[in-house]
Amino acid sequence: MDSVMTSLAILLSTTLMYSTPLIFTSLGGVFSENSGVVNIGLEGMMTIGAFVGATVAVFTGNPWMAFIGAGVAGGLFALLHAIASISFNANQVISGIAINFLAPGIAIFMSKMLFDGSTMTPSIPLDQKMPRYLNGLLPSGFLDTVFNTYATTYLAFIFVAIAWFVLYKTRFGLRIRAVGEHPRAADTLGINVHKVRYICVILSGVLAGFGGASMSLAIVSTFRPTLVSGQGFIALAAMIFGKWKPQGAMLASLLFGFANGLVVFLGSPAIGINISEHLLSMIPYLITLFVLIFFVGQANGPAANGEIYEKGER
Amino acid sequence: MKKFRINEQLLYTLLSIILGFLVGAVILSIAGFNPIEAYSVMIQGVIGKPRFIAWTIVYATPLILTGLSVAFAFRTGLFNIGAEGQYIIGSMAAVLVGYFFDGPAIIHIPLAIIAGCLAGALWAAVAGLLKAKFGINEVISTIMLNWTALYLSNFVTTIDGFRLPNSEASYSIKETASIGISFLKPLVGTAKVNWGIVIAIIAAILVYYIIFKTTLGYELRAVGYNKHAAEYGGINVNKSIVISMAIAGGLAGLAGVTQVLGVSHKITILAAAEGYGFDGMAVSLIGANSPFGVLLAGLLFGGLKYGGSKLQTIGAPPEVVSIVIGSIIYFIAASSIVKILINKFKVKGGRKNG
Amino acid sequence: MTTTKANVDFSHKVVEMKSITKKFGDFIANDNIDLTVHRGEVHALLGENGAGKSTLMNILYGLYTPTDGKIFIEGKEAVIDNPNKAIALGIGMVHQHFMLVPPFTVAENIILGMEPMKTFKQVDMDKAIADVKAISEKYGLYVDPKARVMDITVGMQQRVEILKALYRGAEILILDEPTAVLTPQEIKELIEIIRNLTKEGKTIILITHKLKEIKEAADYCTIIRRGKRIDTVDVSQTDENQLASMMVGREVTFKVDKNDAIYGDTVLKIEDLKAKDNRGLFALNGLDLEVRRGEILGIAGVDGNGQSELVEVITGLKKAESGSVMINGKEIVNTNPRNIMDSGISNIPEDRQKHGLVLDFTVSENMILQNYKKERFSKNGKLLDSNIRQFADELINKFDVRPQNNALKARALSGGNQQKVIIAREVTNDPDLLIATQPTRGLDVGAIEFVHKSLIEQRDKGKGVLLVSFELDEIMSVSDRIAVIYEGKIVGIVDAKDANENQLGLMMAGGGK
Amino acid sequence: ETPAEEPAAEETAAESLKISMVTDVGGVKDQSFNQSAWEGLEKAKADLGIEIGYIESKQDADYEPNLETLVDGENDLIWGVGFKMADAILAAAGNYPEQKYAIIDNDYGDATPDNVLGVLFKEEEPSYLVGLIAGKMTQSNKIGFIGGMDVPVINRFRFGFLAGVKAANPDAVVDVQFVNAFNDPAKGKAVANQMYASGVDIIFHAAGDSGNGAIEAAKEQNKWVIGVDRDQNDLAPDNVITSAVKRVDNAMFNVAKELKDGNFAGGTTIVFGLAEGGVDIAPTTSKNVPADILEFVEAEKQKIINKEITVPGTEEAFNSMN
């Protein structure tokens, strides 16, 4: 019984660890794409966020400043994406791919400049990482294993709630969705389509930056070039999987995190499954595909997602 | 009329490339390097000797093919993020045939090529099928299939009898499966020139032909542009999606084939994707999704990658290359920025034509 | 029938547009146009497709900025450079293409941009719904505020559009082709609504191609041709022929010239056909129908009685639950579109941009959409480019598609010319049965004349023609026999010569024969 | 900094030697293997006045062209850092018979060309020593080993470690789990967390960057962890009790020195074990490990050096040890 609880606790805590960056970043995708701008650049925005987060932490020792710095950095690259795809009618996919080359390139370049040629930032001491507010408050065992985790994890869930509230309960949310579904209709009602889209795209970069920072400031304590490697794309998939909804994106992220936890769990010698770890590693991706086939099926995004909107065109 | 448009496109692309290099120059100067020196090291390093040019072509070959893969899918309304995985599967299949099959080169080589191409095609067809049957967005499915391919290839690499003992690699392919070119050695020295580039050029011509000159291409494009009208016109939309993905996957698989039969001769356990598919997206975009554009863009990209590594001989970070490529794509995406710049230039030059 | 100008307050100029010019690049869409509208007036704008009507109104609504000219509202000069300003000036617009967000509810659509609020910038949905109910009762425009727009009929959507404007306190209401997509019943209701609104002192600018509606609803009519204002006339002093010839610049005949039908063999035979709609409800409930060679069979009916499903099942885009569809005696039900086409059916689809054309294909590529595999156009899977271009040029000439350029993308053509491309292609297929659904929707009278001629030509060649239209006038003037569809069944068939509007209207509403 | 193609370099080439290295895909400052190699070269520059340089690889396909770029840069010796470069070095050595090469972590055996020097480390030896420490210090008698991938180098660490634990504490069990990646610290952390939760109190990782996640887990949970390749105590001073250090820097420096003295041992493979100072446990070990245990370990170390103990580096050797 005890070992079952331990396993469960570990599975849950691993799930939370893996899901956190995905939740942040997929929420970013939710905002951007609900306003009608496809954001393939999440990967790059996450990377620059992870780098700036770690770097600010190294120089200031303040994790929250670092976290905010990561958001700003992600937001700046999102601004680039916004300028191209909103003001200059760029193909949004192409502009996003450009970001995916630019942001990691600049992150590593700057790392080399700032840290004497190193592509890895110096390690941040434990007390300068993201705080764990419940550390030491919980009885050791199940509760401690699961809930004694970094503030970023809790923040991610709070953000899901906020995002849900903003999108579905507020005036701004109504307008975001209107702009994503039918920008021209919104325009004829005096809603500034470009402004709404700018805000949402920048917000998506900020959230992706947070996602990156939640890796480099909490899961580990350094930035390195391979840290993000593909998480941005997984977050993109989670957003689509979650049908462009905050709660859906969260559930998809959790599923993915859980599947990753499962890989670790099944790989443990205690379980004693004698399967190649290469095959085990496929689990999260296969689970995602199966869930898509059997439970989710067709997902349609906002109607105007990916479309350029020019005022005065038809 | 049409001709003018193509030239215009070419003009924007060229200007974007120049602007991309300018951004790189600014970054280099900020970091304290002389951009002129850096770029001349790069250019020297790419065209300075026949051997360098040969290496550039070696680098470009798989990128042209993954670029064609992405471009083909784009042309038919699909977004193939999965070229990476298809590349991996193609490599794996080609090495399996290259190692296990016994026979003369004349059979062995085509067999390995077909195996890799077919494997990539089947792998991608899965994504096509998922889209056709269940409406699953190919963006998600190909991302998932990329990772699955990576681990599958790793798994296969470690199978007893295929794994080279005490290594992270498989056995190498037999000599009869190699597509290396040895007679150029006096000219290009040790560069690993191979027939891959010829395969890539043939593939580009074929892609052009299929897309624009055949009924199949007509169907695939119709579905890509407007599947409802295509269906009205009696085209089987689901079948088209699957075929389209399969062809794209075959091209990416072919990229893997040329790399393993021509350059590496084996597969290794990969910690992460090597980026051939993602670079292919860039190549396809720089090449404006046109087969011949992709050919040139692949060479440019190959040159940047190979020449970029030489930046390190003056201590400059090769990441400048990513920044240059990113900027080029950015300017291509936002070509109206470039248009504005051109118009400014025209006004200044007093050649404004309304 | 003609309005009496009873509600017009001539002392009160609400809208004055002076010398408005609008250029798109080198193209002049509006050329020095003047327009004056009084309070309480219904002012119609009439003109061919592309004459510049929507452009002029988009300028008034602040969506386009004029290249030149001035606008006065209530006598004061106004610079209207965005819709917010228009809204503030009491201008509301119902656009030609609906500006509704389909997944939103009716109430959400109406309040969008002027949302009632609670704390934390929350939208006060309860108040929104109450507000919507209140104004919908005030103007007699009944809607369900909680229904999703994508689930309601086009007529309802039209009401939502009008309510949107009224919710914003519009005094001047622009209606851009509001009846193009409405059923006859809905059109009647709309005209009633327009009358009520003018009684309330609202001013209406109405764009329509339907001269009958102008006669029924408008007080004055301004005619625009190729961007220029031709004249403004008192509607009660003109007739439809005069309006039409002013609009196109030549005489137009409304009477469709045709000889009596020479009925031949049965080409299409449908028996006990059942099919479900997209929501899974039965839309066809055992429908029987027969079309013979040499006739135009018109299907009359109110939208949503199974017309779309009928056409989709015949053309193979939808699976039937049961029943039989035979073409020339050959069963084709539930085979595939390709097989059905090859059996001799051609189709002019209802939604020309969604189903009829690949907008990013060139005109010549569109011309071979179903025929690319025919011997003339391809050989062993290779397209024969020069044959294709030659074929396209033939059709372009024969059907007067403008501009005459086979390499142009279909997207670049006007709606009327897009329709010509489809008709050219479908007719040239030389089908045994030609199906046409709403073939003249949104077209001007000149274009309509052309379409009707083409259909009759097919009939005279001994083909069967199945015409589906919501416009009773069209059905009555073009068809030889008229079948009335109601709730998925044919409830009666009459000879067009014996048909009268009242009888058909009754049958369409489910009343006896 | 180190202009490879400048004519000035050529002129001075007569007096000053030049040595460059090609990194594997980790990059030169990877806080691990490549960095250690580079530090060796930097020491050679400082102490021996040798010119140095490097070139980073981004993917496997870069090895050959990068090695060639260094040939063009007129180097006296070119290093390949890591066994992944084995084929590339072999090919290059054939193409440029006049050029001297050396490779870390590979032994070509009888096929070693005359212009190539192989360098191997006995990873199992320091692993044995840290295994002894783990065996002595565990309180739960549950110990963990986290490997990057199931590959020979990592198995040398693994079986050396297992042998050490067994020697010091036959009752202790060692949980072995692979991350299946050398660059996935998140997974490394998850695996470590799982081990700690199941009662493991000391983990030895040989998982490259993934292992940094294990160290992170130890820090958070305040458990013990054993570092690898270099002294990783700086990453978590209270938690990294020792490290199985691979002195790639020493090896590279030694070879540089030999080269300068004209004693380049081409055609052979040098094995660096405890005896040669090529591997060791971290100097910081004394901070967290009690003196008596240290003494015991020191004694065992001498036995290995004196060849009284042979440490197993493969599964077969380990099993036949009993």
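Annotations for the structure displayed:
Each chain gets a letter, A, B, C and D, in the order it is written, and its residues are counted from 1.
Operating definition for what follows: contacts are C-beta pairs under 8 Å (C-beta built on N, C-alpha and C of every residue); 3 or more make two chains touch, one makes a residue touch a chain.
What you see is a predicted model; the values in this text were computed from it and never measured.
The interface with the greater number of C-beta contacts, when A-B is set against A-D, is A-B. A separation of 76 Å divides the Cα centre of subunit C from that of subunit D.
Centre-to-centre spacing of subunit A and subunit B amounts to 28 Å, using the average Cα coordinate of each chain. Distance from the subunit B centre to the subunit D centre is 35 Å, each centre being the mean of its Cα atoms. Residues of subunit C found to touch two or more other chains are absent. Of all residues in subunit B, those touching 2 or more other chains are 151, 154, 158, 271-272, listed in ascending order. Residues of subunit D in contact with two or more other chains: 150, 180, 183-184.
The list of touching chain pairs reads A-B, A-C, A-D, B-C, B-D. Partner subunit D is touched in their complex by these residues of subunit A: 3, 6, 9-10, 13-14, 17-18, 112, 115-120, 123, 126, 132, 145, 215, 219-222, 224-227, 229, 260-261, 263-265, 267-270, 277-278, 280-281.
On the subunit B side of its complex with subunit C, the touching residues are 1-2, 212-219, 221-222, 225-226, 228-236, 354. Against subunit A, in their complex, subunit C makes its touches with residues 58, 61, 63-65, 82-84, 87, 93, 95, 97-104, 108-109, 112-115, 117, 120-123, 164. Partner subunit B is touched in their complex by these residues of subunit D: 1-5, 25, 53-62, 64-66, 68-69, 73, 83-84, 86, 91-92, 95-96, 149-152, 180-184.
Per the touch definition, subunit A reaches subunit C in the complex via residues 165, 169-172, 174-175, 177-178, 181-182, 184-191, 303, 311-312, 314.
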